[in-house]
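Please go over the structures that come below.
Here come two complexes built around chain A, the first alongside chain B, the second alongside chain C.
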Partner chain A sequence: MTLFGLASLPVLRATARERGPSFMPAALAVLLALSGALTAGGSQGAGDSVTNAFSSIFLVALTMALGAGLIADEIDSGHVQLVLLRPITRAEWYGGRFLGASLALTVAVAASWLAGALAVLLRHGRLDLSWALSLPLVVVQGVAWLSVLAALSVVLRRWMNVAALLLAFMVVGFGSLMLPLVLRRPELVQQCWAVVAYLHPQDATPILQAIRGHTRPDLSPFLFDLLWALGAWLVGVLLLNGREIAKRRA
Partner chain B sequence: MSVAAAGEVVLSLRGLTKIYARRASGVVGVEDLTFEVRRGEIVALLGPNGAGKTTSMLLALGLLQADSGQVELFSSDPELLDARRRVGYAPDAPMFPRQLTGLQVLELHGALAGLSRVRARSRASELVTMLGLADFAGRACALYSKGQAQRLGLAQALIGEPELLFLDEPTAGLDPAAVAALRALLSSLQKKGTAIVLNSHLLSEVERICDRVLFIKDGRLLRTHQMHAGGQRAELRLANPAQVAARLKQVLPDGVLDGDRFRVPIAAPEVMPALVRQVADAGGEVLEARLAGAELEELYMQIVEGRS
Partner chain C sequence: MSRHQRALPPLLALLTVASAVAWAIARLLA
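== the complex of A and B ==
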C-alpha cells in the first residue's frame, strides 16, 4: 500500500494521526484558524486570510511543531526498527512520515482558509480568486519548510532540526547584514539579500498581489518552493539510506 | 524426529562479525558468529549483559550492518521485502509513537505486514485478547507501563503471523501469569512450525521451552547445547568417556557425549536405573547419574562464568 511507490500509506495515516492531534500542533492550528477568521477581508483584500503577517507567525510555528523530530523521534525511540522490518523500503517510510506531517499541516491551513472564507463571505458577500489561490501557495511553502526539517531530522536528534534551522536562519541573516559592513561596501546589502532569498523556500504572496493588481503573476517563487520540497525530500531519503538505523544498546 | 530436525533452515548466520571495540577478553559486538535455526525450532541466546546477544539479533534482522560475514533469512538476503514479510521481532523495552493507541499501533503494523485493513483490525483484536491487552489497548502508548509496552511489542511481532520470530528479553516486565501465558503461546507457535530465536536471562523458562541454547560471551559463540526434545534428560558422568564413545553411540544413538558427561533423553525418571545398567554394560564407568534438572544453570556457570 504505497502512494506511487513514494510513500507508505499506513505510515502516512499513522503520522497524520500522531502529529496532528498532539497538543502543540493542535493548539497552533486552532490559533491559525482563529487568526484566519479574524484577519480575513482586511485592507489587503479577501485573499490574505492565511498569508498575512499575523497568520504567518502561527503558520511558521505550526510547521516547526509538526516537523520537530519528525524522523529522529522514530529513530531515537527504536520504533523505526520495527517498521523497517516490515516489507517497506526506507524511502517509503520516509515519504510516509513526511507526507503524513504535510497532510496534518494542510488540514490546519485549510481550516484557517475556510474560517477566513466564512468571515469574508459574512463581511463582503463574495470571494475573489486570490482567496482560492492562497491555499496552495501557503501549503507548498509550508511543505517546503517541512521537507527541510524532515531532512535535517535524519541526522539530528529530537527537535534539534528546528534549532539548527533557526540557527542557520540567524547566521545567514546576520552574515548578510555584516558582510557589506565588514567589506565597507554597503551597496552589497541588496545583492546579499538577493542571494539569501535563494537559500530557503520563498514567500509566494507576491503572486496573490499580482492577481489582485490584475498584472501577470511571476510563478517562480511557487515553483522554487516546489523544488525545495522535492529536493529536500530526495536529500532526506539519501541521508536515511546511508544511515545505520539500529544502535548498540548501552 | 522433532519438527526442528526435519525443518528447513530459516535463518543462517555465517562468520558474522560486527565489532564496536576490542578488549582483552574478546570484543564488544560479535565476532565470527555462525549458527542456523530451523523451522519449528526454539533457540535461546544465553550470555551475560553485553555479550552480543541483541547485536546478533539486530545483525540477523539486517538492522545492523555487519563488518563481515553473511546472513540469510529463508535462504535469501534479509533486505529483500519477501523475507521480511515472514519475520517478527519484539525488542527489549519497545517504544511506540506516544500519541497512538495500542490498537492503532497494531493496525499500522498489520497494514505494513500486508494485511488488508479489515484483516489487520480483526487480527489486532485477536492479539489484544490473547495477550491480555484489552484493558489498555484503546489508551495512548505514552501511558503504558513497561509490562504493557512489552505485551504490545509482542503483539506487533505476531501480527503478521511470522514464520521466524525474534524475541529479545520477552519476559522482562511481565508478571508471572503473563510469563506462563507467553510460554504456552510460544509452545503453540512452535507446534505450528514457527521458528523462535529467544534472548532471555530466565534460565528456567529457557530450559522448559528451548530446543537449543547458544552460549555467547564477549561477542563469541562459546558452545551450542542441545536441550531435551520434549521429555526429560538424564546426565551420566563417566570415568572413561573416550574409551566408550563409539560403543555408546551404537547402544544409545540419541545420547550426546559432551566431555565426560553423557546426556540422554528419557521418557520418565523411573528408567534411570535401567539406563545406568545399559551404559555400564556398554563398558562405561558411571561416576554419577542424575536427572538434568538444574542443568542449564550449571552449564551457564561452567561455560560463561568459567566455574567448575
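== the complex of A and C ==
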C-alpha cells in the first residue's frame, strides 16, 4: 500500500493520527481556525483569513509543532527499525512521515479557511477567487517549510531541527543587516535581501493581491515553494538512505 | 534487500525536476 512509490499509506495514516491530535498542534489548529473566523472579511477580502499576519503566527507555530523531531523521534526510539522490517523502502517510510504531517497541517489550514469563508458569507454574502486560491497557496508554502524541517530531522536529534531553522533565520537576518554596515556600504542591504529571498520558501500572498487587483499574477513564488517542498523531500530521502539507523549498544 | 530498501522513487526525482523547470519558465515570463 504505497502512494506511487512515494509514501507508505499506513505510515502516512499513523503519522497524521499521531501528530495531528496531540496537544500542541491541536491547540494551535483551534487558534488558527478562530483567527480565520475573526479576521476574515477585512480590507483584503475573504482570502485574507489564512494569509493575514495574525493567522500566520499560528501557522508558523503549528508547522514547527508538527515538524519538530518528525524523523529523529522515530530513529532515536528505534521504532523505524521495526517498521523497516516490513517490505517498504526507506523513501516510502520517509514519504509517509512527511505527507502524514502535511495532511495534519492541511486539515488545520482548511478548517481556518472554511471558518473564514463562513464569517465572510454571513457578513457580505459572497466569496471570491482569491479566497479559493488562498488554501492551495498557503498549504504549499507551509508544506515547503515542513519539508525543510523533515530533511533537517534526519541528521539532527529530537527537536533540534526547529532550533537549527530558527538559528539560521536569525544568523541570516542579522548577517544581511550587519554585513552592509560593517562594509560601510548601506546600498548592499537591498542586494542582500534579494539573495536571501531565494534561501527559503517564498511568501505566495502577492499572487492573491494581484488577483484582487485584477492584474496578471506572477506565479513564481508558488512554484518556488513547490520546488522547495519537493527538493527538500528528495534531499531528506538521500540523507536517510545514507544514515545508519541501527541502534547500537554503547 | 538493503539495496532495494534504499531505492529512490523515480517519481519524486521527476516531480522535483518538473517543478524546477516550471519555476524557471515562470521567472522568465514574469
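FYI, the second predicted complex is superposed on the first by the 249 of 250 C-alpha atoms of A that agree within 3 Å, B and C clash if a C-alpha of one lies under 4 Å from a C-alpha of the other, contacts with A are read in each partner's own complex, and residues count from 1 in each chain.
In this section, a contact is a pair of C-beta atoms (placed from the backbone, for glycine too) under 8 Å apart; a residue touches a chain by one contact, two chains touch by 3 or more.
Since we're looking at a predicted model, the values are computed, not measured.
Once the two complexes are overlaid on the shared chain, A:L227 sits against chain C while remaining clear of chain B. In the superposition on chain A, A:R17 makes contact with chain B only, not with chain C. When both complexes are overlaid on chain A, the residue A:L84 reaches chain B and chain C alike. Using the contact criterion defined above for the overlaid structures, shared-chain residue A:G95 touches chain C, although it does not reach chain B.
In the superposed pair of complexes, A:G5 makes contact with chain C only, with no contact to chain B.
Legend: residue contacts after superposition of the two complexes on their common chain; A:L183 is shown touching neither chain B nor chain C. In the superposition on chain A, A:L238 contacts chain C only, with no contact to chain B. In the superposition on chain A, chain A positions 84, 89 are in contact with chain B in one complex as well as with chain C in the other.
The residues of chain A lying in touch with chain B in their complex are 1, 8-11, 13-14, 17-19, 21-22, 73-74, 77-79, 81-89, 244-246, 248-249.
Against chain A, in their complex, chain B makes its touches with residues 20, 28-29, 54-55, 58, 61, 63-65, 81-82, 84-85, 87-89, 91-92, 94-100, 104, 107-109, 111-114, 153, 156, 160. In the complex of the two chains, the chain A residues touching chain C come out as 4-6, 84, 89-92, 95, 218-220, 223-224, 226-227, 230-231, 233-234, 237-238, 241.
Those residues of chain C lying in contact with chain A across their complex are 4-13, 15-16, 19-20, 22-23, 26-27, 30.
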